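Next come two complexes built around subunit A: one with subunit B, the other with subunit C.
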Partner chain A sequence: MLVYALVAGVLFGLYFSLVGIGLNLVFGVMRIVNLAHGDFLMLGAFVAFGVVTLAGLDPLLAVPVAFVVFVLVGVALYKILVPRLQGSLNPEMLSIILFFGLSQVIQAITTIFFGTSERSIPSSALGSIFTTARVKLFGGNADDTGGPIEFFGQSFPASWVTAAATSLVAIAFVYLYLYRTRLGTLTRAVMSRRDEALATGIDVDRISAAAFGIGLGLAAVAGVFAPFMFGSVTPAFGADATVTSFAVVVLGSLGNPLGTALGGVVYGICYMLVQTYLSSWADLLPYVLLIFILLLRPSGLLGRQVRVA
Partner chain B sequence: MLGRTIAAFTLGMTVALPAIAADAPTEIKIGTLYASSGRYASISMPVHSGLKLWIEQKNAEGGVYVKAFDKKIPIKLVAYDDQSNTATASSLYNQLITQDKVDILVADSGSVLTAPAVAIARDHKMFLFNQTGTGASFFSKDNPYIALMADPVSTIWPKPIADFLIHDGPALGIKKVAILYSTNEFTGTQATAVRKFIKDSGAPLEIVYDQGIPTETTNYTVMINNIRKTQPDAVIHLGYAPNDIALLRNIGEVGVKFKMLFSIYAGLETELLEKNVGAKGLEHVFTYVPPTDLDYPVNFGMTMAQYRAAWNKTYPDGKVEFGFNAVAGYTTALVIEKSLSVATSLDQLELHRAVFSLSGELKTLDGTFGLDEMGGQIGELTPLGQIALKDGHLKFVEIYPHDANNSKPVYPRP
Partner chain C sequence: MRHLLLIVLPLLVIFALLPGVYQNHLLLFNFVIFLVLAQGVNIIYGFTGYLPFGYVGFFGAGAYGFAITVMHYHASAPMAVLVAGAVGVALGLFLSPLLRLSGAYFAIANMAAALAVLHFVANPALEDITRGPYGVSLTGTFNPTLAYAAALIVLALTMGIVVFLKNSSFGLALQAVREDPVSASMAGVNVVRMRVIAWLASALVAGLAGGVYAWYVSVFFPDNVFSSDFSIFAIVFALFGGVATITGPIIGVVALYGVYNLIGFTTPQYFQLIYGLLIMVLVLFLPAGLVSLATRRGWRVP
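Up next is the complex of A and B:
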């Protein structure tokens, strides 16, 4: 049971890294808390539903679609909302209220269009594009899809492995963006000292808009896998996802997107261990971890001082 | 003498008639809550939609007949959205009673959102039309302000599944039972009942796994692995619809086939489960056979076929699924209608008397309405069934209790 919980924890945790990394990128650059983060994740799930039900395609194809669409949505939202917010006396506090309102609006509109019931995508649909390619190239049975994958003699859902692999790609993408591109270097400069970056002539607004867009894009990509990781999704799913994201982000390090990768894995392993040995308490875990990390190491596991007094 | 009598009668009528007309309200206020979002939306919205459908029908006919005023009176629905939040629900139940001053108080669907209403209704001496809150702690001999409308109280609801395990299980080779339940009033009570029935029976059954998990659980993979390690002959899962969806999907994803798997909502909300799990994922699952499949004879209100037709006409978009909860909302409405037709006033204890007078007499599309002395619903015990997949369509096969229409269960699951 221990081995199963550990492997499941790593797979689940990698997915949670993807869930939280966008939230942390936005906070790191703009110092605002996007309480609608989980709602963009939920919208990503609905993009996946659209790709499967309307186009009959593999939900994996929703990954690039959701990313591009929500990067553009993020940039547009940034232009509409954030400059006014940054101009206020207390942008961090006001951002909580503003994005809480945005979260409610997104939830209400989604409910109007899609109803309140749970929605899922058949597990066999995820990765069907590879099955089709395999059958065309090597022959075999087209129905042989969506089955479990074995590690250490134990079966795990194929969707978990796909989600974990996508998360690793996304984390690598964020790393390359931050450390191998000029825009990333400027982003890190803004994350480090926003005022000094502004003083040196960096177009902070452009950097922030890009980070906000990428943050929302990553949330939407995580949303594509939500129906597989959580069984089903409803328009109200976002609130819980935001809480979990926040726990993962604080655990890793608030303001350090790559710390979120470690935070996610630690969260995933802890969650699976608690489910195995103390299952009645599993849902308290995000809050317990938040309290512990804030008491013992407020800057997070990979933390450095991110706030400037 | 005759002249005096006529004069007195005329005088009496002159005084009394305006008084009766003045006392009759212009509308009967029914106050309720619903959850348009959150964990309980999928069981709340069908119940609420069933109630609304009846109100629209009655108001189109000029209102509901109220014996206390000997006339039809239009219904006004006062409904608030509790968003599946118990704290919000508490505040809104208070508002319905103290601010809106509703004549009839109807709880939201499910034990979790009914729980706050029980104490509030009792404190305000308001009779609570409890639609589907089956938790055992809601009912007590010293509380006359509650009655359960639609489904059996959770202390007896799981009796058919327990009896099946006790009486038929050993012959089928069922010796080890696993119980996985969500820790809330509804499924927690059912788990306690199953455990008690099995232990009291003395049957050669061993409970090898007995674990409660938070109702908000969305991932069961680790628990499935833990249950598999105990090699159970039967797995009883007691959870809400989202729990059943997640469990059944996870079972399919990890390729585990339990010999017998019981789930509540595979039967109660089959449309919803089929949309999320697929027909194949529900095949051979044991569950409660819902009233939608039983077609009970009625002596009041629409038959199941008529109600389904009315539902499809009123809600053609299919955003709210038709299942047990849709029937429960309409059943509550029928109990309200019938109670108003026999109650001599709108006093809350008179409503209690009227509702209890229907026990054993009222037969709706949900079966016989029957109450125990505490207000728990005992009219119909939902039979145990197994879902079969025939020609691509799901069908219920009744398994227990035994009668002429029953079939043998498919055990172990192929």
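Up next is the complex of A and C:
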């Protein structure tokens, strides 16, 4: 039981890191609270449905599609919304309300087009591209895959492992972006001191637009796996996903993708332990955890002072 | 005094007379509830700058305070409404450490707190006390006429608090704290105590509103009374009219909730779409509310 909960916690945790990392990036760079984060996750899940049902392909192929599409959407949204918002008196507060409005719009449009029914994808569809490739290259039986994968004598759904592996790759890419590219260095400069970055001649607007796009792209990539990790997805799924992402981001530290990865793993393990031993109280966990972290260790975890009195 | 006579009294008289001429009493009742909630948001957001994204937590806690008092202690309804207010204040005290957080952190923590209270109340493990997710039914106290009257009393109390804040040095001190807490405390304002008082006043009116609401509808589920729509509507109504004024939230409720009911409930997703767009336009183009149209011209708005 314990071993199962721990390993499943790590697998879920890596996935949760991917869920939170886009939110972390957007808040870190722009001080904007993207309350529609979970809704972009939900849209990512719908991209996966599209790839599976319309094209009949492996949902893994939805990952690059979702990423590219939502990076573009993010840059466009940034150009429309953010400059006006940052001209206002209290952008951080108003961003909460603005993105809440956006989240309502996304939910409504998705509901109008797809209805409110729960959608799921058979988990054997995920990773089927590898199976096909292996059968073609090395021969063998196509039926023995999609089954569970064993760790420490416990078996776990293959889709969890795939999601965790993709998350690791995505986090690695975010790390490389932030620490090994010029744009990433500039992004970190904007994160630490927006005014000074502007004063040194950094094109803050361009950096922010890129960060916003990448943030939404990552959310959509995480969304591709949501149907496998949570069973099914409805247009209303976004609100819960947003709160979960906040819990993960707050647990980790802001501006550091490795921090969010850690936060995700800690969250995942807590989640699985509560799920295993106290299942009726599992729903409470993200909220209570979020409040306690905010109250007990806010400045250290979020990288700036948030307590005033 | 002038504000009480010119704004609060006419408002109360209108809502006291309307049930005689207008048939849809539930709608009128909802108007009163949203007036209370929007003014409650006004008290905490308008005067202290804390955005209570989980404001519904107090409302739902009040509703359940009412239900539990009636179910388990067989108290009379007015008594139970007072208990509901007390439950709101108690929850406010319990959550007062959240006031240490600022800006977005407070809003998020408050939202998380409301959701935590919801999942606590709706937990099947507490079925004996709260009836868990299966909802409560309070047919014994059902009396819409009296409940409507009680809602008007709660509205009067809420309006009284806002008028006091608008016209007293206490309210002025709160606004000073909102603008610059450090300078305000240098000027001798007890920052923490003032914030907590405003927070508890806001929790009190939401708790009372929740109790009255439970009395009026008498059958409800946790998801009804903890619906985040209450928080969002109250915030949007207050913002739309303009916070830190007496009239702003009233204008907001009458205008937006009126529109809400004109569009109708038949196609909720179209409504949600229009509403979401409205919120976005509001934030982008009119962040200080409708009253800012008048204040920009130099007119004073109470």
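One rule holds in what follows: the second predicted complex is superposed on the first by the 295 of 309 C-alpha atoms of A that agree within 3 Å, B and C clash if a C-alpha of one lies under 4 Å from a C-alpha of the other, contacts with A are read in each partner's own complex, and residues count from 1 in each chain.
Going forward, a contact is a pair of C-beta atoms (placed from the backbone, for glycine too) under 8 Å apart; a residue touches a chain by one contact, two chains touch by 3 or more.
As the structure is a computational prediction, the values presented were derived from the model and not from experiment.
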Fit-or-clash call for subunit B and subunit C when the two complexes are aligned on subunit A: clash
Partner chain in contact with A:283 - subunit B first, subunit C second, else both or neither: both
First (subunit B), second (subunit C), both or neither touched by A:2: neither
Touching partner for A:231 - first (subunit B), second (subunit C), both, neither: first
First, second, both or neither for A:84, with subunit B first and subunit C second: second
Which of subunit B and subunit C A:157 touches, first, second, both or neither: first
Partner chain in contact with A:169 - subunit B first, subunit C second, else both or neither: neither
First (subunit B), second (subunit C), both or neither touched by A:120: first
Touched partner set for A:107, first subunit B, second subunit C, both or neither: both
Partner chain(s) touched by A:72 [first = subunit B, second = subunit C, both, neither]: neither
Where subunit B runs into subunit C (options 25-33, 61-69 or 115-123): 115-123
Subunit C-contacting residues of subunit A that also contact subunit B: 107, 111, 280-281, 283
Subunit C partner contacts - residues on subunit A that touch it in the complex: 33, 81, 84-85, 88-90, 92-98, 100-109, 111-112, 239, 243, 246-247, 250, 280-281, 283-284, 286-288, 290-291, 294-295, 298, 302, 306-309
Residue ranges of subunit C touching subunit A (in the complex, touch as defined): 49, 51, 53, 97-105, 107-109, 111-113, 115-116, 119-120, 123-125, 181, 191-192, 195, 228, 232, 235-236, 239, 269-273, 275-280, 282-285, 287-288
Contact set on subunit A toward subunit B in their complex: 1, 4-5, 8, 12, 107, 111, 114-120, 122-123, 146-148, 154-160, 229-232, 234-236, 240, 272, 275-276, 279-283
Subunit B - residues contacting subunit A, complex: 35-39, 41-42, 45, 83-84, 183, 211-214, 216-223, 225-226, 229, 241-242, 245-247, 249-250, 252-256, 272, 275-278, 317, 319-321
